[in-house]
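The next block holds one structure in the form of structure tokens; read it before the comments.
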Amino acid sequence: MKDISSAIQLIPLEHYILLSVALFSIGLMGVLFRRNTIIILMCIELMFNSVNLLVTAFAAYHSDPSGQVFVFFIMIVAAAEVAVGLSILVMMKRNVDSVDINLLNRLKW
Amino acid sequence: MTALIFTIVLGILVLYLGFIKNKTILAPVAIAGLLVSLYLSFQDWGLGSMYFHNMILFDNFSIAFNISMIIITILIFIFGIDYYEDMKLHVAEQYALMIFALAGAFLMTSFSNLIMLFLGIEILSIPLYVLAGGKKYSYRSNEASFKYFMLGSFATAIFLFGIALVYGASATFYLPEIKTFIAQFNGHLPPMLLVGLLFILIGVAFKVAAAPFHFWSPDVYEGAPTLVTAFMSTVVKTAGFAAFYRLLNMGLLPLPIPLEKALWVMTALTLFVGNLGALKQTNFKRLLAYSSISHSGFIMLAMLSQHGSSAAVLLYYTFVYSLATVPIFIIFILMKRASERHEELFIFRGLFKTKPWIAVFMTILLMSLAGIPPTSGFMAKYQVFVLSISQGILWTSIFAILMAIIGIYYYFNVVREVFTEREQPSVIIVSKLNAALIIVCGVAVVILGIFVWKLPI
Amino acid sequence: MILLIILFLPILTGLFLLPFRSASVVRPMALAASVINLLITLSLVLSPSAAYAVEWISFLGINFSLGFDGISMIMILLTNLLFPFILLAGFNREQRNVHILNFLILFTQSALLGVFLAQNAFLFYVFWELSLIPVYFILLIWGGDGRKTITFKFFIYTLTGSLLLLFGIIYLYQLTPVPHTTDFAAFNKLNIPATTQIWLFWILFIAFAIKMPVFPFHTWQPPTYNMASTQGVMILAGVMTKMGIYGALRFLFPVIPQGVLYWQNTVIVLSLIGVIYASLIAFRKTNLKMLIAFSSMAHISLMVAAMFVLNTYALQGLLIQTISHGVTIAALFYIASLIKEKTGTIELPQLGGLKLQAPKMALLLLIVVLGSIALPLTAGFIGEFLMITGLFQQSIWFAAIGGLTMILGAIYMLYAYQRAMLGVQKSVFNKITDIRALDYLILIPLIVVIIGLGIYPQPIFNLFDQSIHATQNLIKPVAEAVSALAH
Amino acid sequence: MVGTIPNINLAYLVPAFPLMGFLITGLAGKRLKHNQGGIIASAMIFFSFIISVVLFYLLRSSGQDSATITLFNWIAVGNMNIPFAFLIDHLSLTMMLVVTGVGSLIHVYSIGYMHDDERVNSFFAQMNLFTFSMLLLVMGANYLVLFIGWEGVGLCSYLLIGFWFKNPAFNYAARKAFIMNRIGDLGFILGIILLFFTFKSVSFSEIFAQASLMHAGGPIITLITLLLLVGAVGKSAQIPLYTWLPDAMAGPTPVSALIHAATMVTAGIYMIARSSILYNLAPITLNVITAIGLTTAIVAAIIGLRQNDIKKVLAYSTVSQLGYMFLALGLGAYSSAVFHLTTHAFFKALLFLGAGSIIHAMGGEQDIRKMGGLRKKMPITYFTFLAATLAISGIPPFSGFFSKDMILSKAFEHNVILYFLALGGALLTCFYMFRLFYLVFFGEQRLAGAHPHESPKVMTIPLIILGVLSVFGGFLNIPSLFGGNLSFSNFLQSAVSSKVSEEISSTTEIELIILSLVLLILVIGIAYRTYVRKANLPARDGEPMSIWSRIVVNKFYIDKTYMILVEKPYSSFSNFLFNKVETKVLNPIVDGIGEATSRIGILTRKLQRGNMSFYFFAMVAGILLFIVFILTI
């Protein structure tokens, strides 16, 4: 534990922050500009993981284990979400035979 | 705590009851279980016990909210007996998922640590994604759950990022510590912390459908099965606001000026979108969706205008709002059945002719939502305005009052339909149980409006 | 305690009557209840000392406190005086859901009494709103053509004012010393900075201005009156317009005298414009009910003007005119709807020569018309004379313009009367019947009130003087404000 | 020491009787036999006449000037305290006697005249109501009670003018009369209020007591008197508010006799005479009155020259006679005004009743061009009518002579021009009266198919009585010149304070009388030559005529002017208010707000586009905006 965090601390914190912000933004952009649901799901996962990275880095720098714990929580929840999400996706595929997010727009106004 | 545990166990139990092909026992069991957890929650009153390294704090605030949510859930389940009658499969899942969501709601009311808040929100949301899509072969239901899930998880991502940033700045997930950490800046927070807090707030605001993060709610409310919509617009909203309030109260008081300003903007937007969106709405479920958005606006007004001491108003408002909303959804279901599954306002036409009593109580409930005396809805709004005006927030209050007038307009649009004749009167079947419950709710709405006392939370 | 009885007797009767569906049961009992209420009220007039107060919602400073002074007493008297006749107007007539209708009417009565009895602003507001609900349904369910939209406009328009009033109440509430309260007594003790009073005035006044209505907030009124059922319009024109006047007297003068002073002339001028405006329009109205609606507006506007000059004459005149106008307008609308029943139309050009077939109806209408154009020895004259006297004290021009009602009123009222009753008879009206015993039962007492108060108004004045503090409450603060400005 | 007179409370009965009569005849309605109503009504009036006589002697014997009797406190507000009280003094007694005396005669006459009308009972009810109000008017002890009667008589005149309500023209005339009166009344009531604020009271005694201490020409007093004058002008049909009176002839002839000749129209004179003390303080107002009176007298007389409807002629003569009374008032000769009022009541009532009996005889025909030669057919009417004509023309020793002569001499004292103008008016009066007289009674009958006959006794007897009165009525007030002692004027002295002005020498007075007499004879001769010798008729309608006479025939176009200047603009303005302001401005504003709101509502709805990528965009946009917001703020 000790040396891992020290190993993490070899790289300055800013880099982690920048990296994860970059990842987060990439994911966000993906969510915004892609229309394929699968890819959007991936992008959201990417955003989650950017968060994970960030939290881990912070945890190491603060040398505070609760950060790592939180990462595990996030992973579990993300897994659950993806499970649900994929099943919904399957349902959608069955209904409209496509995975384009803008096809589902009967509910409006 | 025991209530929480028991509720989860109850959920699993109901899930397993699904294997028995006799679905008549489901609702009774679920309701009985909820009654037990109601009793257990009462047990904890005033103890303020903490668990898991103080990540959960069951103080009176959380217990009060839990109780109110349990009561509402019980109501929904009772109505569910009739609602799920013609449904062959997977009834157990419906109940179980709602119970799980309820458990998540418990966490949301009682967290004192951001991790718990996150878990609560997720435990609440994930079952709802499924519930929204409950009607497997219904296109609309599918669309609803899809949209809800997509936007929901996106919001979660934002929320998490916020938590990460805050954690980075303050090196803790505990709200009290975050509070002290913020306090040391006396107002001038570093941008990272500020943005982090903003993201967290946005994450919660999404749950309570505050504009401009409300877009999911009209669609989801319309598409989801009506009973689920009822659940979402009542229990989920209550939980969301409990969490919101607790977050502000435990973590961010005194609220940094920029955040407060941002939240005021959000409130005004919410009031505006909610009421004007509903103004010309023809689909009743969407109307209620928008109306719940507008109510979020009023609640936020109360919450922001007096940080820390508006918990009682919050509880009162959310509870009476839920108490009025649930039976309205039920009446809507009945009318929908009676008029070949239409959802427009006109389905209520002629209700007064065929079922005068239901019509009268429908009117009372709508009056409560519109905030007209002597209903509790009026008392709720009154207290909100008392809070805001005595804080000298005049312009927003005036704005809110104007919005309330618009609210009266669209609610009484429905009333007008209820009291106008219909060409060919439709047969409306109301089971004894439903009728009784509708009347009980209606009476309760009035009684709560007449006998109001300050809750010690 | 007795106040509680007066307040709740009607609505409880209404609730009790809900299960009965036969008109022959519901109507007499409802009538009986309102008559009993009237008797109790009269006994109260003889011994005017009663109050009732319990804490209601203590943490919001809300008390359920009832009481009355001369002003409230007169309003209560008017309400309880009119409602028996309003209920009576339903007899022998074809009505759907009689039990619900009578319940709603009695509900309205209780609500109105609550408005006039409340000694607590919150209570006042609750009753104020409550009175609107049953009326809304009376209009919506039993109204005439185009009721859906018209009623809705009326409802929203009125509520807009009410909610602003609510804002005002809460604002005053949080100005009161801790522990905050909404009792009128506390409000009257406030001394609010003049700048605040100046804007607060409109927040509070709009609600009343709409209710009365004051030009230019009147547009909801004529169509509503025209569309409303007989009983509905009797309630609206007879009593509900007085809510506005009462509210203004309760809220504005004692609480924000400087605001009143600041806007005094504005309001007076507005009202006088209203007087002329409504009278002129009434002249061209061919629809009798519309015409009466505008005439009512003209009279009310004069009353508002008198209210704002705020001296003893004006106030006394205002109060006696309150009763006179309530009774007269109710009678007018009743006769109008009689005409509608008998001839099937209310359009003056289609009417004419009714006197040949229905001389008695013509006679009664004439008397009521004379009452409404303030002929001496009718209550209307006392009222208008005193009000014009009051206006005169402010400025002779106000008096002159206000006095124009004497002329304009005569012009349109007599014109209407002649077009309806006199002239050559239309052949279609050959076999219309004259009025029946029931109509006598309604109209004669009203006329007796009109003439009786015209000959001997003193009881009302005494009633008002008995609670001279009421006058003081109204006049003193403003007078002080005047002197404050002087220094 | 007022009210100590024994049995003075009898005065209650004076108005009480007509009121009773009104209630009986009114409520009984159809149940009464055909002419019972008339008998009851007349009896009631006669009773109150008796009582008035009794009161007269009571007052005489008590040696007091006046007595006030209070029924109850009518209005007591703040420091305003108005009792419902009667004042019995010489002036009111005179009026009471005139009203009840002439009134009862006219009632009796009406029994015969209205015999064939099916609504005769309500007719008498209204007549009684009128008498009641008139008595209130003259007996009231303060301005407000006077005002009750004032409006009451207005109402009754409205009802009676429109008695035959099937005729829209009559209804119009009735409405016109009421509204013009109301215009005056507004001025009157304002005057009363100003009186109240000036003197803190409206009762005659207190006001006059205070006023007698004031000095003349105060602006307030002038304003008060002018306002009161407006009321008087309206009631007594003076320029500019006189046009209603000729139209008022629409009513049954007895009504014209009672209301529009003998009593109601004289209310204005009574009121001013009553307020003489105030008017003495306001010279300006007096001049205004003089001007109004004189113009009215002459203009009305001129219009009268060319009228062909018998009642219209009499109506205009009434207007002009009232003008004379106003002239007298303006000159401060209040008692002579009241005297002329009295005599005028006699002979004008007689003229109207005579005209009534003629119309009765001619079967409803009112056009004098169609009459003629009635002298033989209806001798009683003829002789009484002659008496009245001579009286109104002011031929000595008929009553009109004395009263009119007093006014003329007053005018002379005041200003010679005034005198000659007044005299000219008198000559005109004489001319049109004799024109009427000759056309009706001389020559041969022109209307074919009419069988004129003398009226029944019930109608002729009142004629005779009035004839006697109009012959000898003048002797009530014989001037010192003829060895009299002006008993009437002295009798009134206590009530009205006439302006003292230097008496003119008896010689000049003699000369004036002779002058006027010569001129009058001349005029009568001319009239005789034109209408009896040459027997040439007034022009038919439609015949071409000179501009001057066209103007006269059209009554100086005053009615038309009013129509154009007042009625038309009034209705068009009210049209404008409703069609433009109400429907085009006020309503749209309110509805517009609602409309705009729902527009915005629709837009907000449309925001919910339903497609996901838009929602994502919206959320992200929101987030970014908030970030910018919190970082910049």
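Letters A, B, C and D name the chains as they come in the text, with residue numbers starting at 1 for each one.
We take it that a contact is a pair of C-beta atoms (placed from the backbone, for glycine too) under 8 Å apart; a residue touches a chain by one contact, two chains touch by 3 or more.
Note that the coordinates shown come from a computational prediction; the quantities given were computed from them, not determined experimentally.
> B-C or C-D: which has the larger count of contacting C-beta pairs?
C-D
> Comparing chain centres built from Cα atoms against the global Cα centre, which chain wins on proximity?
Centre-most chain by C-alpha means: C.
> Centroid of chain A to centroid of chain C, CA atoms only: how many Å?
Computed from C-alpha means, the inter-chain centre distance equals 67 Å.
> How big is the gap, in whole Å, between where the Cα atoms of chain B centre and where those of chain C centre?
43
> Taking each chain's centre as the mean of its CA atoms, how far is chain C from chain D in angstrom?
The mean C-alpha positions of chain C and chain D differ by 38 Å.
> How many angstrom between the C-alpha centroids of chain D and chain B?
The mean C-alpha positions of chain B and chain D differ by 79 Å.
> I need the residues of chain D touching at least two other chains; which ones are they?
Those would be 605, 608, 610, 612, 616.
> Which residues does chain C have that touch at least 2 chains other than itself?
Chain C, residues with two or more chain partners: 156.
> Considering chain B alone, which of its residues make contact with at least two other chains?
Counting only residues that touch two or more other chains, chain B contributes 147, 150, 154, 218-219.
> Could you run through all the chain pairs that touch each other?
A-B, A-D, B-C, B-D, C-D
> Considering only the defined contacts, which chain C positions touch chain B in the complex?
Counting only chain C, the residues touching chain B are 57, 59-60, 100, 122, 125-126, 129-130, 133, 137, 140-141, 148, 152, 155-156, 159-160, 163-164, 166-167, 170-171, 173-174, 180.
> Using the touch definition from the top, list the residues of chain B that touch chain A in their complex.
Answer in residue numbers: 115, 118-119, 122, 126, 129-130, 133, 136-137, 139-140, 142-147, 149-150, 153-154, 156-157, 160-161, 163-165, 167-168, 171-173, 218-219, 222-223, 286.
> Report the residues of chain A in contact with chain D in the complex, numbered from low to high.
These residues of chain A touch chain D: 28, 31-32, 35, 101-102, 104-109.
> Spell out the residues on chain D that touch chain C in their complex, using ranges where they run on.
Touch list, chain D to chain C: 72-78, 80, 144, 147-148, 151-152, 155, 158, 162, 165-166, 168, 171, 174-175, 178-179, 182-183, 185-186, 189-190, 193-194, 196-197, 570-571, 573-575, 577-578, 581-582, 586-587, 590, 594.
> Could you please specify the touching residues of chain A with respect to chain B in the complex?
17, 20, 24, 27, 31, 37, 40, 44, 47-48, 50-51, 54-55, 57-59, 62, 64, 66-67, 69-70, 73-74, 77, 80-81, 84-85, 87-89, 91-92, 95-96, 101, 104-109
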